[in-house]
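There are two complexes below, and they share chain A, which is joined by chain B in the first and by chain C in the second.
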Partner chain A sequence: MNSVFSNKGTIAVFVLPTLILFCGIVLIPIFVSSYYSLLDWNGVGRGTFIGLDNYVEMFKDTRVLNSIKNSLLFAGASVFIQLPISLVLALILASNVKGEGFYRTVYFIPVLISTVVIAQLWSKIYNADYGLLNVLLQNIGLAHWAQDWLGQKHTALAASFIPTLWQYVGYHMLLMYAGAKSVSQDVLEAARMDGASRIRTAWSIMIPLMKPILKVSLVFSVIGAFKVFDLIYVLTGGGPFYTTEVPSTLMYATIFDTFRYGYGSAISVFIIVECLVCTILINSLFKTE
Partner chain B sequence: MSTVEVMLQKKPKPRSISGPIGKVFLQAFLILVAIVQIYPLIWLALFSLKDNSEIFSGDVAGLPKSFLWSNYTKAMSDGHVLTYFMNSVLVTAASIVLVLILSSMTGYAITRMNWKLSGFTMTLILLGMMVPIHAALLPLFIILKNLSLLNSYWSLIIPYVAFGIPMAVFILGSFFKGIPREMEESAVIDGCGIYRTFFSIILPLVTPAISTVAIFTFLSCWNELMFAVTFINNTAYQTLTVGMMSMVGTYITQWGIIGAGLMITTVPTVVIYLLLNKQVQKSMIAGAIKG
Partner chain C sequence: MKALLKKSASLLLTLGIVSSLVACSTDSSGGAQGESNGKIKLTLWDQSVGNTDPSAKLLPEIVEKWNSEHPDIQVERTGTTGEQYKTKVKTSIAAGEAPDLFYGMGGGSFIQPYIKSGNVLEISSYLTDDIKERMGPGMAEAINMDGKIYTLPVYTHIANLYVNTELFEQAGAKIPTTYNELLDAIEKLKAAGITPAVIGEKDRWPGMYWYDIIAMRQAGNAAVMEAFKDPSKWDSPDFVAAATKIQQLAQAGAFNSSMFSMSYDEMLGAFNAGNGAMMFQANWVNAGIEDPSSAVKGKVKVIPFPVFEDGKGTNTEIFGGAVDGFYINQNTKHPKEAVEFLMYLSEQLGTQGFLAGAGLPSWKTDALDTSSLSSLDLSAADIMKTATSFIAWWDNILPAESAEAHKNLIAQLLAGDVTPEEFCKQMAQLKPTELSL
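Right after this comes the complex of A and B.
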C-alpha cells in the first residue's frame, strides 16, 4: 500500500513537469528581473552593472512618482468607493430580497468581459462628440457639463477609474455576498429577538463576522489597483500629459518604447514589492484588531 | 405550545425590509444598479448594428433604423476577427487542457502521496499566486526570443499554463484532500495501479474542482492582454484582445464595425456565463477564498 503511494518514480512523473515549467516561467524570471534592475542595459549586448542606481533614479523621477501617486489614488478610490458600494449591494442581496439570484447574476456580468473590450466601450461612452455620456447629459439638461472626459487633465484620471469600478463592483459584491450568506442564521435570529434594527444588525453583527472575506476583498482591490495595466493601456495609454499613467504602463513604455531594460525592470520590481508589502500590511492590520 | 416555539414559528425567514414602501424602494434601487451594469453592453450591441451616419447624427442611444448585420461580416472577414477568434479558442483550449493535466497530477502527488518535499513544493507553487505577471514580462520576452518562440501559439500557451498552475494546484489539491483514504485503498487492493487509481477513480470524484479550474483558466487566458501584446505581432497568431486593438486602429472612425468586433469577443463569454452561472460564481469565490 505505502509503496504504491510513495513510489519515487510516480511522484516524479506527477510533479516534475509542473515544477520545471513553473520554476522556468514564473519563479526564475522574477529573480532575473531583480538582476536586470541592477543593470544599465538597452537589450543589445551585455548590460553594465550599476548597482542600485536605477532605484535611486526612480525615486527622483517625477514621472515615476506621478505614476505611483496615480496608482495610490486608484487604490484609494477602490477601497473607499468601490468596496462600500459592493458591501451595501451584498448585504441587501443576502437579506432574502426578491430576485436575489437574478440581480447577483446581472451585476456580475461585467466581471467576465475582457478589459480591452471594456476600455474600448468606455472610450466610446466618453467620446466628446458622439459619446453616450455627453448625449445623456444633454438630454437631462446638463449640456454645459459635456466635455472630452478622457482628453482633459482634470477629468482623465477619474474617468479612467469609473470603468474599473463598474467592472469589479460585481466581483466584490459576490465575495461579500458569499461571506454574508455564511453568517449563521441563529446569530441573526438572536439579534432580531433582541430588537436590533436592520442597519444595526448589519453594522454590529454582519460586518464584523464578514471580516475574513472583507480582508480578501481589500487585498484584491488594492493589489488590483497597483497592477492595473490593460485598462489604462487601451483607454488612455497614460495620457493626457501622463495624468493617467500608472507604474505598469510606465514600465511597459520604459522597456518596449525607450528600451531601458534595466530601469523598466526596477519599476517592475517596485510593483512586486508594493504588492507584497500591501498584502502583509493588510493581513497584519486585520490580525491585531 | 411554549412561547419560544411560537416565536420561532412566527419568523421562519428573515424579512427583507420593514414595510411595503421599503420593499418598493429597495427593488427600484436594485433595478437601477442592474441597468447601470447592463446598459453599456446593450448600447454596444445597438451601435454594432448601426452605420456611421446614424451614430454620428446625434441619436447614439436609440434603436438602429435597420439592423446592419454587414458590420459583423465586415469585422469577421476584413477585420480578421474570425482569425483572432480561432487563435483565442486554440490558445485558451490548449492552456486549459495543459493546466488541468499538470495541476491535477501535481496536486494529487502533493496532497495524497507520501514524500518528504511535498509541503515545500506546495509552498513554492503557492508563492506563484502572489506574484504579479508584470514581474516576469521582460525575462519571459527574452527567453521566448532566444528560443525563437515569439510569434507562435506556444509563446502564449506556455506562460498562460505556468501562471495558471498555482491557483489550479491549490483548488484541486484542496478537493483531493477531502477524498476518503478508503477509496484509494480499496482500488489498490482490487489491483489498480496508481495511474489507474488516479485517472479512473480519483479524477471523476473531483469534477466540480475541474470545472472550477477550467472556468478560471478560460477567463484569464481569453482576456489576457499584456503577454499577448508583447509576444505576438503577427496578425496570423494574434488573439482577440490584441487583435481588437489593431482593429480599432484600422476602423478608428467606423464605430459600427468596431462594435461588431467587440460583440464577437464578448458574446461567447456571456453565453457561457449564463449557461453555467452558478458554477462560474462558485469558481470565482473559490478562487478568492485562497487568500
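Right after this comes the complex of A and C.
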C-alpha cells in the first residue's frame, strides 16, 4: 500500500479528476470574473474594455465602502462574540457533563437548517406587527423597546447579524469540542493532581492545545462573514437604505438589478481578494512552528 | 522548486476554501432543442407558479392542449417564481442558453437591452391582419417598438386603489375621491386604530407605485411623459408638490410603521387578512383578494386613485397598461413554429386568463361569457375602459440603473430622509428613457 502512495504517478491519477473539476468550476470562473471586472458590460452584447476604472469607482463609491465596513463589522462580531460563546460551550460540553450527546445535537440543529429557512424564521421573530421579540418585550414590561427591528436604520444591522451568529455557534462549538476531546486525558489528569482549577485547566492547557482547531474556526468564521449573502438577502435585501448591505448583496444588486456585470464582477473579485488576504494573515499569525 | 510547489499548493488550497463563493450552477436544461424522430421540441419559461395565480393553472392546460393537437411540435414548460425568474432569464440569455420562448415584463427596461443586442426575434413579418384584428383596441400600437414587433400581448395590468369597505365603515370614513378626502379618511381610520394603508417597502417598488400615481395626479400624464424624455423636468414645481404630498401622507401616519421591513408578499398577506384599509396595487392582486382563504373576500372595492384639488391629472389617466407577453429567442432553431405557438399561447392565455381573473384582456372579448368574473375584475375592466392615457410602471420605463435610483429615492422620501426639493434635484439626474413613449 505504501508503495502505491509513494508513486507520484499514482497520486497524480488520483488527484487529477478533482483537480480538473476544481479548475473548471472554481479557478476558471475566478479568472473569467477578473476579466469581466475590467469591462463596462451590461451582460448582453459587447463589453468595452475600461481597464481598472471599475476598481477606481469602487473605492470612491460610498455604497461599496459602506458594505465593506458592514462586512468587517460582521467579521468582528463573529470573532469576538460568536467564537468565544462557541469556545465556552465546547469546553463545558467536553468536561463530561450530563447529556453531552443531547446538547451537542441540539446546538448543531441550526447548522443543518437551510439559511433561507433560518432567515424566514428570524424575520418572523423580528416582525414589527406580530413578532415574537416584540411580544416578549411587551410581556416583560419593556413595551417601549418594541420596534420594527429590521426596518430601522439603527437596529437593522445588529438585528441581521444575530441570526447568523446564532446559527453557526453550534458549528464552531462542534469543531472546538472535537479539538477539546482530543486533548490527552493524561495531561488533564496531571493538571488535576497538581490542583489546577477547571478554569485554569481550560485556560492554560485546553486552549493552547486546541490552537490548530481554533485557527480553523477563526478562518471559517471570518471568511463566512465576508461572503455572507443568503441570510442578509432574505432578511433585509440590504435595506433599509443600504444599512445592512454587504459586498455580496451589493454585487448581486449591481449585476441583476442595474445590469452592470463589469462593476459587479469587480466587487466579487474584491471579495475573493479580501478573503484570501485574511486567510493568509490568520495563518501567519497562528504559525505554530 | 519544491518550496515553490509547496507554496503554490497551499495557495491553491486557500483559494479552494474561499471560492465556494463563485460556485454557480449551470442549468443545462435551457436551450435544449433536441429533435427526436422528426418531432420539434420547443422550450418555454414563465413565472406563473404562485398558488393564487390563475395563470399558473391555465398555462400547463394550454400547453397540454397544444401538445395534444400538435404532435409534431411539442412544448416543454418550466416555471420559476418572480425575482428568481428574472435572474434566471438574464443569466441564460447572457450565456446563450435561453429557451425558445420566454415570458418578458412589459414596458422596456427588462427586455430592451436584449432587443437592442439582437437576442429577441422580430416577429413583424409573421403577423397577419387577421391576428391584429383579434387584438384589443390600441394593442397593436402598444407592442410596437420603433416600428417593429417582438411580442404579442397577453394581459394588461393597471394599478388602482383597493379599499376595504368594512374597515372604512368601522371607522366612519368616506371612500376618498379627492386628496383632502384621502387625508380625512386617513385621520378617521387612524383614530379607529386601523392602519390606513399598507406598503411593502422592503421590496421598494410598492412604495414607488404610491409616488408615481401621486406625481401623475399632480402633474398629469403628459407632463410625466415629457419628464421621462427630459429628466431635467423632474425638478419642477409639480413634482416637488407630489413629493411633498407623499411625505405629508407618510407623516400623517397613512402607512404601516413596519413598511421598511415588510415585503410585497407580506403586504398582500396583511391586506388580505384585513390589517390595512387601503392598498395601491395592480389588478394582479385581485385573485388573492378573492381567494377563499382571504379574510376580506367580497369586502374590497377597487377605485381610481383620488384626484387632487390642485392637480392637473384626472382619474381617467391610468397608471399601468403594461402589456406583458412572451418573447422568442433569436437563436431558436424553429422560428416559424415558435411564432405559431406564440400566437396560440398569447390569445388563449389572454382570453381564458381574463375569465379566470389573471388580468385584463389584451384580446377582443365580446363573445366571451364574463359572468364568472369577480366584481373586482369587472370594475378594473370598467376603469380601464374610461382610460384617456396610460403610463406603465416607471421602473420599467426608466433605464435599469435610473429605475433603482428612483426606487431608492422614494424610500428615502417615505422615511423623511430627503426633502421634496432634494428629491426632485436627484430625480433630475436620472437618465432619459430609451423607449418611445
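Here, the second predicted complex is superposed on the first by the 264 of 289 C-alpha atoms of A that agree within 3 Å, B and C clash if a C-alpha of one lies under 4 Å from a C-alpha of the other, contacts with A are read in each partner's own complex, and residues count from 1 in each chain.
As a working rule, contacts are C-beta pairs under 8 Å (C-beta built on N, C-alpha and C of every residue); 3 or more make two chains touch, one makes a residue touch a chain.
In this text the structure is predicted, and so the values were computed from the model without any measurement.
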{"item": "Combined model on chain A: chain C and chain B, fit or clash", "value": "clash"}
{"item": "First (chain B), second (chain C), both or neither touched by A:248", "value": "both"}
{"item": "First, second, both or neither for A:174, with chain B first and chain C second", "value": "first"}
{"item": "Partner chain in contact with A:218 - chain B first, chain C second, else both or neither", "value": "neither"}
{"item": "Contacts of A:210 with chain B and chain C, given as first, second, both or neither", "value": "neither"}
{"item": "Touching partner for A:128 - first (chain B), second (chain C), both, neither", "value": "second"}
{"item": "Which superposed partner A:39 touches (first chain B, second chain C, both, neither)", "value": "neither"}
{"item": "Partner chain(s) touched by A:97 [first = chain B, second = chain C, both, neither]", "value": "first"}
{"item": "Superposition-derived comparison: chain B or chain C, residues of chain A touched", "value": "B"}
{"item": "Touched partner set for A:276, first chain B, second chain C, both or neither", "value": "both"}
{"item": "Touched partner set for A:202, first chain B, second chain C, both or neither", "value": "neither"}
{"item": "Clash with chain C (superposed arrangement) - responsible stretch of chain B out of 39-47, 93-101, 147-155 or 201-209", "value": "147-155"}
{"item": "Chain A positions touched by chain B in one structure and by chain C in the second", "value": "22, 25-27, 29-30, 33, 129, 219, 223, 227, 248, 256, 261, 268, 271-272, 275-276, 279"}
{"item": "Complex interface listing, chain B residues touching chain A", "value": "7, 11, 13-18, 23, 26-27, 29-30, 33-34, 36-38, 40-41, 43-44, 47, 55-56, 58, 60-61, 102-103, 105-106, 108-110, 112-115, 121, 124-125, 127-128, 130-132, 134-140, 143, 158-159, 161-163, 165-166, 169, 184-185, 188, 193-195, 219, 222-223, 225-226, 229-230, 240-241, 244-245, 248, 255, 258-259, 262, 265-266, 269-270, 273-274, 277, 280-281, 284-285, 288-289, 291"}
{"item": "Complex contact set, residues of chain C against chain A", "value": "12, 14-24, 86-87, 90, 93-94, 113-114, 116-119, 201-204, 256-262, 270, 275, 400-401, 404, 408, 411-412, 415, 417"}
{"item": "Contact footprint of chain C on chain A as seen in their complex", "value": "22, 25-27, 29-30, 33, 42-45, 123, 126-129, 148-152, 156, 219, 223, 227, 236-237, 239-241, 248, 253, 256-261, 268, 271-272, 275-276, 279-280, 283"}
{"item": "Complex interface listing, chain A residues touching chain B", "value": "1-2, 4-8, 10-11, 13-15, 17-19, 21-22, 24-30, 32-33, 36, 89, 92-93, 95-99, 103-117, 120-122, 124-125, 129-132, 135-136, 166, 169-171, 174-175, 178, 185, 188-189, 192-193, 198, 213, 215-216, 219-220, 223, 226-227, 229-230, 233-234, 248, 251-252, 255-256, 261, 264-265, 268-269, 271-272, 275-276, 279"}
